[in-house]
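Chains: A, B and C, in written order; residue numbering restarts at 1 for each.
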Amino acid sequence: MKRRTVLKSSAAALAVPMVGASRAQSPTTVRWWYHFDNPQASPASLIAKFEGENPGIKVQAESIPWGGGNDYYTRLYAALVAGNAPDCAMVKLGNQSRLLQMKALAPLDDLLAGWAARRDISENLWKMHRAPDGRNYYVPLQYVVLYLYYRADLFAAAGVQPPRTFDDFLKAAQAVQKGGVSAFGMRGGGGGHDHWGSFVLGAGANFEPGGMVSARALEANRWFVELGTKHKLFPISAPTDGFRQIVDNFKAGRTAMTIHHIGSANEMVQALGDKVSAVPVPVGADGKGWTSFGDESNAVFAASKVKEAAFKWVAFLSTGEHNVAFNAFTGQLTVTDSGASKWNLHPKRFVDATAASTALMGTLPNSTKTADFTRTVWPQQMQRALLGQTTPDAMMQAFERHFHG
Amino acid sequence: MRSRPVEPLLFLLPALLVTAAVILYPALQTVWLGLHSFVLFDPDSMRFVGLGNFSAIVADELFWISLSNSVIWVVCAVGLQFALGLVTALLLNQTFAGRSLARALVVVPWALPSVIIGLMWTWMYDLNLGVFNDLLMRVGLIDAPVAWLAQPGTALAAVILALVWQGFPFFAVMILAGLQTIPSEHYEAAAMDGASRWQTLRFVTLPALREVIATALLLRTIWVANSLDVILVMTGGGPGYETHTLPLYAFLKAYSAMEFGYASALSLVLTLLLLGAVAFYVRRVARQALA
Amino acid sequence: MIDRRSRLRRFVEVELPIALIVAFALGPYVWMVMTSIKPEAEIGTFPPSYIPREATFVHYETLAARTSFLGNLMNSLIVALGAVAVGLGVSVPAAYAFSRFRFRARNPLLVGFLVINMVPVVLLIIPLFVLMRQLGLLDTFVGIVMGHATFAIPFSVWMMTSYFNALPRELDEAATVDGASRLQAIRLVILPLAMPGIVTTGIYIFVTSWNEYLFAMMLSGQNVRTVTVALQSFIGEFSIQWGLLTAGGTLVAIPATVLFLIIQRRLVGGLTSGAVKS
């Protein structure tokens, strides 16, 4: 009897530390999907740091091919449908309404309240990422703001200043278009709505009901389309030019201006050195304008079983120095105020242009129709208008119909 | 050899099982979806609409544009691939120095993935940085660069050229192989009858190749009719609707607008049209395959 | 046939057109190779430069050392060979049945396989993804191999059927007269004779699988990434890595082309017997 009791109690004594040990030993795994432009960049160093600070959480990062955005989001939607989605992933605002409608996102307000570094991200940024229901589902990760690249040398030779207003833009464009160089590398392919937006949304069109067919909106759009069809200030390849064409052609010196963002700044400087500089996009005479806010955030998915751990990882990536380290991989700008103050990853004039453009930042509406607009509807109508297959007014009417039936 | 009825089934079973498991279920799901109005991000409002999608398709202007583009696409791409492939095969059948090397090099286009082909050809067509404009201007055939992919007149032709480049090796190889089977007695007999080279080609060579050509054309037509990856990379369907083909339209409906119901219906229409064309073709030409 | 044309005429009618056709076939590929050995600064210049001023192999070095490209090549090889094994393993018996047996379902099934080819793959992607997930085959070699094999099977069945049709039935009869069972007849007589056809079909499956992107992208993950997906990763949101992309593209074409070079004699002979009418 005694021996049995001894055995029993020693077994019990052994069991307790075992249970304790096993609980400490099974880490939570957080699956995170990301996409980097540069396939050589790897988040391994950031992951190691995070895991060091958070023993018990393991991050499994999966790089998903971007494929122009289509492949990345096809994979994400398919995974959500199949019940196989990651715990968190990089996402853009353009998809927020669709993801919300699929009830795929987890609201993060409670977790955000307890996160100290939240204050390091400006209230304006939080506002831009908030969902229509007032809750926060996205944690801003990085951003770019579109500005106007221009050839400082060509402008100096033509004796014109970089344009401030739309009228300045027309005059400057006509002055620098010579010698086979097109004035403005306009992007008519997918994603080109950013260019159009600066000139049309910036001049008074908007996405409210009737906002595309108001007198101001139609006038602005006609003016913009005529830059190409009447004044011939766009290269003839503009209808199908994508970001690659506008950047490559500007680098090769075939266009005098184009609109893009700091993500291409280092590339531009490598090709053109001091000949390239940037200013905010043109605005109206009243100083009002619009430029595209290129966002990227992390979201946590509703079906995740490790939401808190996933949030910790997501928050880590948007915190001060870690965020800056992340940006070194992606070439975009930090969302943190602390990181921005000591920024040295891009030449100063482009950071300044970005900063000066933040007052004009706008996003497309948080509607389920937006993704289709940017991918298919806008390019089709714009291309047809540039080719004279449809009128500028009919183009705006098509947009109005797309969003408001 | 007498065979028990169950024997053929045993031989067929692996193929049937694999096909059924991997394709049949998703294919049937596509048919089922075609009868519904279904938007991927709005699963709660999915509803049965019967033939509603199909009547919408008939009234859809873009469907007819895509259909006519598809017809031009298939006829030109397959026709030119076949013509070039036939000429290549006939030439590769002759004797000349370096013949083995030529035969192998001709298949390089076939050995490249579509994404590379799309990107390289888009770059070659580039207005300023592309080699086509550069070479044509140097030679003096054009005086100003042409925006091949951004103009209505040239966009579809430009993409078709890329596809002809990609696909002609397939025909070249298949026809070349078929040429090897023609017994030399047939050529000798024709020569003795005083037939010219052209007559030999027309009355001896081509008839002997009939089954090979028929099968190759059939399979290639189906493949080209359904293909969209090269167009997607090169123009995305633009400019405007110029390079919209039916599969591309269905793709955009599915992955851009996320209207999977409508997209499924579109692809069903495409499948039925193909089936009709193939049935007609098989009945008239490839009867031997099913004999 | 005795060729009685003059040397000059032969040159104009044979060698010259062949040279033009080979130039056409190789042109874009050569442009890609040239680009892959240019330093980054020389790519995308105006006007386009053809011969690099200073050739460099830095892109190939980066590809090998700093990306997973070589591993992806290996993955593609495994997937392609797997697809060939499964595809042939399944279509050869099926083709034999279509060739040697006559049964009521024969024609409908043959046409049925053709119809499978007609279904636009693109729309099947998401249901297929869901199916693979339920079977637990995501991000596995088996999953992608199954996907590739399945889409190669219809064509393979048709091709192999015509090769078997070319082998006279008398061969089967002769074997069984000697006491062989049907399976032995197949193994010892039919298969060896149909080998060129099998090789040809195998090559078609290999090339199709090697170049395939859609399935590979959807069904692969961290563990199994093919070379087509890897190439796509050089095309980013804000930049295209032309150097790495063209270097990768150059390498991608080589295995299939070399395979062709080796097999091309047999390939030609193989398709041959398929077209013979006995």
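Keep in mind that, in the parts below, a residue touches a chain if its C-beta (ideal position, glycine included) is under 8 Å from a C-beta of that chain, and two chains touch if they have at least 3 such contacts.
None of these values were measured; they are calculated from a predicted model.
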Query raised in the report: When you draw the chains as points and link the ones that touch, which shape shows up: line, ring, star, complete, or other?
Result: complete
Query - B-C or A-C, whichever has more C-beta pairs in contact - result: B-C
Report summary line: In whole angstrom, the CA-centroid distance of chain A from chain B equals 37
Query raised in the report: Which integer distance in Å separates the CA centroid of chain B from that of chain C?
Result: 16
Query raised in the report: Which integer distance in Å separates the CA centroid of chain A from that of chain C?
Result: 38
Query raised in the report: What are the residues of chain C that contact at least two other chains?
Result: 44-46, 126, 232, 235, 240
Requested in this report: Would you mind listing the residues of chain B that make contact with two or more other chains?
Outcome: 128-129
Report summary line: Residues of chain A that touch two or more other chains sit at 74, 77, 81, 248-249, 252, 254
Query - Interfacial residue positions of chain A with respect to chain B in the complex - result: 70, 74, 77, 81, 98-99, 101-102, 188-190, 235-241, 245, 248-249, 252, 254, 368, 371-372, 375-376, 379-380, 383-384, 386-387, 389-390
Query raised in the report: Hey, which residues of chain B end up touching chain C in the complex?
Result: 1, 3, 5, 7-9, 11-12, 14-16, 18-19, 22-23, 25-27, 29-30, 84, 87-88, 91-92, 94-96, 100, 102-117, 119-121, 124, 128-131, 134, 165, 168-169, 173-174, 176-178, 180-181, 184, 187-188, 191, 200, 208-209, 211-212, 215, 218-219, 222-223, 225-226, 228-229, 247, 250-251, 254, 260, 263-264, 267, 270-271, 274-275, 278, 282, 289-290
Query - Residue ranges of chain C touching chain B (in the complex, touch as defined) - result: 1-3, 10, 14-15, 17-18, 21-22, 24-26, 28-29, 31-32, 44-48, 50, 86, 89-91, 93-94, 96-98, 100-101, 103, 106-107, 109-111, 113-124, 126-128, 131, 146-147, 149-151, 153-155, 157-159, 161-162, 169, 172-173, 176, 182, 200, 207, 210-214, 227-228, 231-232, 235, 240, 245, 249, 252-253, 256-257, 260-261, 264-265, 267-277
Query raised in the report: How about chain B: which of its residues touch chain A in the complex?
Result: 40-43, 126-129, 145-147, 149-152, 155, 235-241, 252, 255-258
Report summary line: The chain C residues in contact with chain A across the complex are 41, 44-46, 62, 66-67, 125-126, 129-130, 133-134, 138, 217-218, 221-222, 229-230, 232-241, 244
